[in-house]
Amino acid sequence: MKRTDERNQNELRAIHMETGYVKHPEGSVLISVGDTKVICNASIEDRVPPFMRGQGKGWVTAEYSMLPRATQQRNIRESSKGKVSGRTMEIQRLIGRALRAVVDLEKFGERTLWIDCDVVQADGGTRTASITGAYVAMVLAFGTLIQSKSIKELPVKDYLAATSVGVLPNQEEILDLCYEEDSEALVDMNVVMTGNGEFVELQGTGEEATFSYNQLQKMLELAQKGMNDIFDQQKAVLGEWTAHIDRNRNQNQS
Amino acid sequence: MKRTDERNQNELRAIHMETGYVKHPEGSVLISVGDTKVICNASIEDRVPPFMRGQGKGWVTAEYSMLPRATQQRNIRESSKGKVSGRTMEIQRLIGRALRAVVDLEKFGERTLWIDCDVVQADGGTRTASITGAYVAMVLAFGTLIQSKSIKELPVKDYLAATSVGVLPNQEEILDLCYEEDSEALVDMNVVMTGNGEFVELQGTGEEATFSYNQLQKMLELAQKGMNDIFDQQKAVLGEWTAHIDRNRNQNQS
Amino acid sequence: MKRTDERNQNELRAIHMETGYVKHPEGSVLISVGDTKVICNASIEDRVPPFMRGQGKGWVTAEYSMLPRATQQRNIRESSKGKVSGRTMEIQRLIGRALRAVVDLEKFGERTLWIDCDVVQADGGTRTASITGAYVAMVLAFGTLIQSKSIKELPVKDYLAATSVGVLPNQEEILDLCYEEDSEALVDMNVVMTGNGEFVELQGTGEEATFSYNQLQKMLELAQKGMNDIFDQQKAVLGEWTAHIDRNRNQNQS
Amino acid sequence: MKRTDERNQNELRAIHMETGYVKHPEGSVLISVGDTKVICNASIEDRVPPFMRGQGKGWVTAEYSMLPRATQQRNIRESSKGKVSGRTMEIQRLIGRALRAVVDLEKFGERTLWIDCDVVQADGGTRTASITGAYVAMVLAFGTLIQSKSIKELPVKDYLAATSVGVLPNQEEILDLCYEEDSEALVDMNVVMTGNGEFVELQGTGEEATFSYNQLQKMLELAQKGMNDIFDQQKAVLGEWTAHIDRNRNQNQS
Amino acid sequence: MKRTDERNQNELRAIHMETGYVKHPEGSVLISVGDTKVICNASIEDRVPPFMRGQGKGWVTAEYSMLPRATQQRNIRESSKGKVSGRTMEIQRLIGRALRAVVDLEKFGERTLWIDCDVVQADGGTRTASITGAYVAMVLAFGTLIQSKSIKELPVKDYLAATSVGVLPNQEEILDLCYEEDSEALVDMNVVMTGNGEFVELQGTGEEATFSYNQLQKMLELAQKGMNDIFDQQKAVLGEWTAHIDRNRNQNQS
Amino acid sequence: MKRTDERNQNELRAIHMETGYVKHPEGSVLISVGDTKVICNASIEDRVPPFMRGQGKGWVTAEYSMLPRATQQRNIRESSKGKVSGRTMEIQRLIGRALRAVVDLEKFGERTLWIDCDVVQADGGTRTASITGAYVAMVLAFGTLIQSKSIKELPVKDYLAATSVGVLPNQEEILDLCYEEDSEALVDMNVVMTGNGEFVELQGTGEEATFSYNQLQKMLELAQKGMNDIFDQQKAVLGEWTAHIDRNRNQNQS
């Protein structure tokens, strides 16, 4: 059975990553996953938040926002409302936590790496696209620290990417939900994984519905399949930095 | 190998639920899970939020808070800070979503059921204790609607409870983490399940760490074991209402 | 003439104080006055607010809040509204000021004693119950400083308690108003007194009404009567610390 | 013994009230009490707040603010801080409540009378000067409703004024504290009274001190003496409206 | 004398406008002016703000924001700060007011046209680029109302564009300041003009400096020259809609 | 043709400035321009904001507010709304920037001069009256630094004043718009000038209208005429300080 956009059950949408999209940030990527487009900028600040000071370690944190008209209906800006929504907070905490799982905080000094994910156009999967793109922007930003000889090794232990899986009302499991699928799905699960197939985050939610152990297993298989495709694309845009990451992966395993 | 508090790997902490703890709410439960204590109050309001009006359906929503000195260090009140933290928002969205998964929103009219979970004493697992206690408070509150003949059937499709599982630094999987275990665990996973063993929410997070598919399976087994114990205790305090829930469960399956 | 709950005009509601109610705070009391229940926690922080620094003195401050469903109708949380109401501010300023009147700020170093009064169930007199309970929690917290040899003497000069008096529409003066009486009273007066019968605070308010000098005198007599009962109960739960307070009282008088 | 500004113990500072100070409000008074100057404006709005609608009654409410440099040190504006302080809230609640005690809310329709008290120069007693001046502005504003034939009778039952009394460190009781006296006083008591000598509000506070029943009596005598002087001055500026108020007073007593 | 980027005194930076940049909005333009890039989205909402209701007229309003890393140093998000800065408010009020000057509010019913200007990359002149791009997005959005036959005529009376002029420390007047020039200029003037050479806004500011009448005249000549170039480019991307605008211009003049 | 208040096209409203209006500030002026009345207070603080520290320079900043009933309809206080409006921010930024244009920030040490403009009564031109009055308050405040020998020279380079000009619907240009004229004018332009006729700020706005180069010239002539009258009045109230300012003007020109 074909999906609304003719994809197979286990097929990702087209992914494109344009690096250097904005000139000021240390790392900048415009990622598109189907019609979802997110600008991921990585900035390096030479200090850490108060709760981290004096430990000689760095910190990675993320912020997420949508342009008001990234969606079909215009949303009120969170700056006008004067507060950040629960959904935004959940997403930006997720992005930061996911990135930190593959970063060696001990290895880049008392610096903060800020990730800003700004959704320009939304068509489902904005949080997973943000993680996938933010990972690339982060590596590029750490790369500038190596180029300026501020650090010696890339403090990134492995690849990292994210995608979604879900269950449609016809009980079929699918990979990489677009907005239309997401709004009718019974179950929605975001999966964040590392290059060697370990889980970083697993967030499965029944929307006024539930899911069985069997369905969980099928969804995880689809997720694993999708991840491999995404890692290939990240490697293509990361160029020389893949060698650094691969070296770190080997050291961690031995 | 024994845990800090002498429990087995697959052993829950002692659970106690005192119903009718506060006199005003339609449903009120003081739940304790080990040293974690949460007041769960359920209130019924005779209208729904604006985005739900005119559909003839009800709504279930939750709020969560901690007393400033529920924890070892005193926390600043969110009312003083003027905003609710990301952590609080994540938790209250989780509680509301979990409860809605077993409620038939069509069956209690244009009413809102508010759940307030106020943590009096925290020792790990406050969000899962909140869900377990909130479920009981919710059933009791719906019960008052039946007693007042406002509705005919209990709009609750199944039992619902939550617990946590995790992986310790020694790679051992454990059930129901207390605060001390939670702060050193490599992986922390919250599981919300229904009485018939389906998942409602699955939120697994590596804390600057990752977990394998194999570890996931072991954690889910522990969670399933713990759930069965919790459901027994919920049934004990729900008294006459268990018959209503069991009837609904049978109807859904047939 | 009997009151709604059968009490005499000069009769307090039943008071109960459970110490050690929450395990983390240095002092913790669950006080109930009739159906009004307040958790009073005292926390010690090893610094003072900026405006007090460098004077070698301590500070005592209080915060007050109600659980949303402490009352008959659910109230919106102040953290959700993003601001603390005028009523809350008035009450927490009153509690702090009242406690400071019997504390010797010079005698516990540059420390802040935080009092948190969280109303679990409200049935009138939540602010006076808070003061009465907070006093006990405060003494217990200072006691831990003596036990840890951080200070030598209890920095508490006298006992302190609070109650309300009022005038009913039938012009009768009464002691310790419950919610129902409070909402119909013409005059409501909160009285805070020390163990030796001095006033600390006197706040009398006509609710779209006024009161004469003669009524004032009668209300103050009732208050004095009630206070003596409350002090007896505070002494009972304070145990060994009463000897310290009595010694301080004698020294102040000589 | 003479006071810093040479006044007797029972002597008020010079009071001046300039009516019509600002041209737009329905009632406007610039009151000065010694060096304390407050602009009191009364505005009439043709609707009541939501909680009052449909009852056919009016409402009286007050707001209070200080110019940043009304005081010796410049204060940050509350609009810049984004919130109103506890002190401001306490004062504006007090002013509104005091005025309502002499107003017949049933007699001016579903209207709100807003009182704005803006302190231009502060030298102690800003809240009592505000009440004294606000009362005059209020009567003038109600007067315009009579002149426009919107209402028939002045809905004001009696005169109303406020002053402060206190106890100096030398244990002397004094009337009408200026800033310097206020900052060193052991006890500070604000008294709001009606023309016939009844209390509306009584707020006595020991500042890290206490006061006896005997001191209370002496302070209340001073307050009564001061009130009589203030009522004379209010009558002088109210002109024709005093006849309306006196008529209402007679009707209430008979 | 040449400028930092080799331009002549009276030369604009390269301008590019990509229409249809985001798919959801009724009008969407990515404008770049040199290295300044702004996404301008126009959204149509079928109602007007409360103060406009019932007049049968429409409203045009704008919001402006910068991505945190649009600039050389990362800025804190206004949503995190919980309030919109004075600079942002000034700019969004300017954009809305400027657009309304060429719109016939009577001619598109009770609708609101929202303009969102989000700066992706900033290099000086973000507010003038926003106006120039927003004008195009607005015309495209009104075009969809004509295409859907919701209105008959384009409610736009003339062309509209904006640019900056200034005075360098060497007293030379220049057109279209980039960031580097803007930060050292003595005078900065933003000019908004219509297609027939009338002023809509003129905002000249000495930065701890002043300017003479003679300098004002020279700056206005430069501005007029730049405008003509910009109008040509707007016409090129507006395609068929230029005929509508030209017709409206002729009617207004006759 | 005469204007509503019988003035000529090029005639200012009556101006009055009362110095020393409030006793606490270092400089205090009550300025009235026709029926517009503003209290302008200047305060000196012995430090600068964080972004200025360590440069040995001072800072001048302004805040602006209106009493709620300065206008015909009562406005909600910005402190109650919890945020400052865009209009207020625009005005206070303008006042601060204008004053800084004639101040030598290098010459009064690391101090902040705060200007508070509080509008007591509004009848058009509140921002220009604020600038004119604030200038005088500022000079007086700097004067106290000379009197206390904290600085040697007055750090003020020239006179400074502001007024408005505009275009009426009958296409007539006028000077100094009152509220009624302002609300019907097609064009409104605020002009800030120095004593030697240089522009500091020029803010011309078409209100859903535009203006030609010719109209701009006529408005600027009117503004220049008005300025000369205002400078004469400033000199009259500045007394001895005019000699200081004149000396600084001569030095700057030579």
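In order of appearance the chains are A, B, C, D, E and F, and numbering begins at 1 in each one.
Here is the rule we use: a contact is a pair of C-beta atoms (placed from the backbone, for glycine too) under 8 Å apart; a residue touches a chain by one contact, two chains touch by 3 or more.
In this text, all values refer to a predicted model and were calculated from it rather than measured experimentally.
Among the remaining chains, those touching chain A and also chain F are E.
Between the contact lists of chain B and chain D, the overlap consists of C. Of all chains, the one whose Cα centroid sits at the greatest distance from that of chain C is E.
Mean C-alpha position of chain B lies 61 Å from that of chain F. Inter-chain spacing, taken between the CA centroids of chain A and chain E, is 34 Å. Spacing of chain A relative to chain B, judged by their CA centroids, is 29 angstrom. Looking at chain A, residues 82-84 sit in touch with two or more other chains.
The chains touch one another to form a ring, and the order obtained by going from chain E toward chain F and onward is E, F, D, C, B, A. The touching residues of chain D, when paired with chain F in their complex, are 22-25, 28, 35, 39, 41, 43, 45, 63, 65, 67-72, 74, 77-84, 88, 114, 116, 118, 120-121. Residues 83-87, 89-90, 92-93, 97, 100-101, 105, 189, 194, 197-213, 216, 220 of chain D are the ones that touch chain C when the two sit in their complex.
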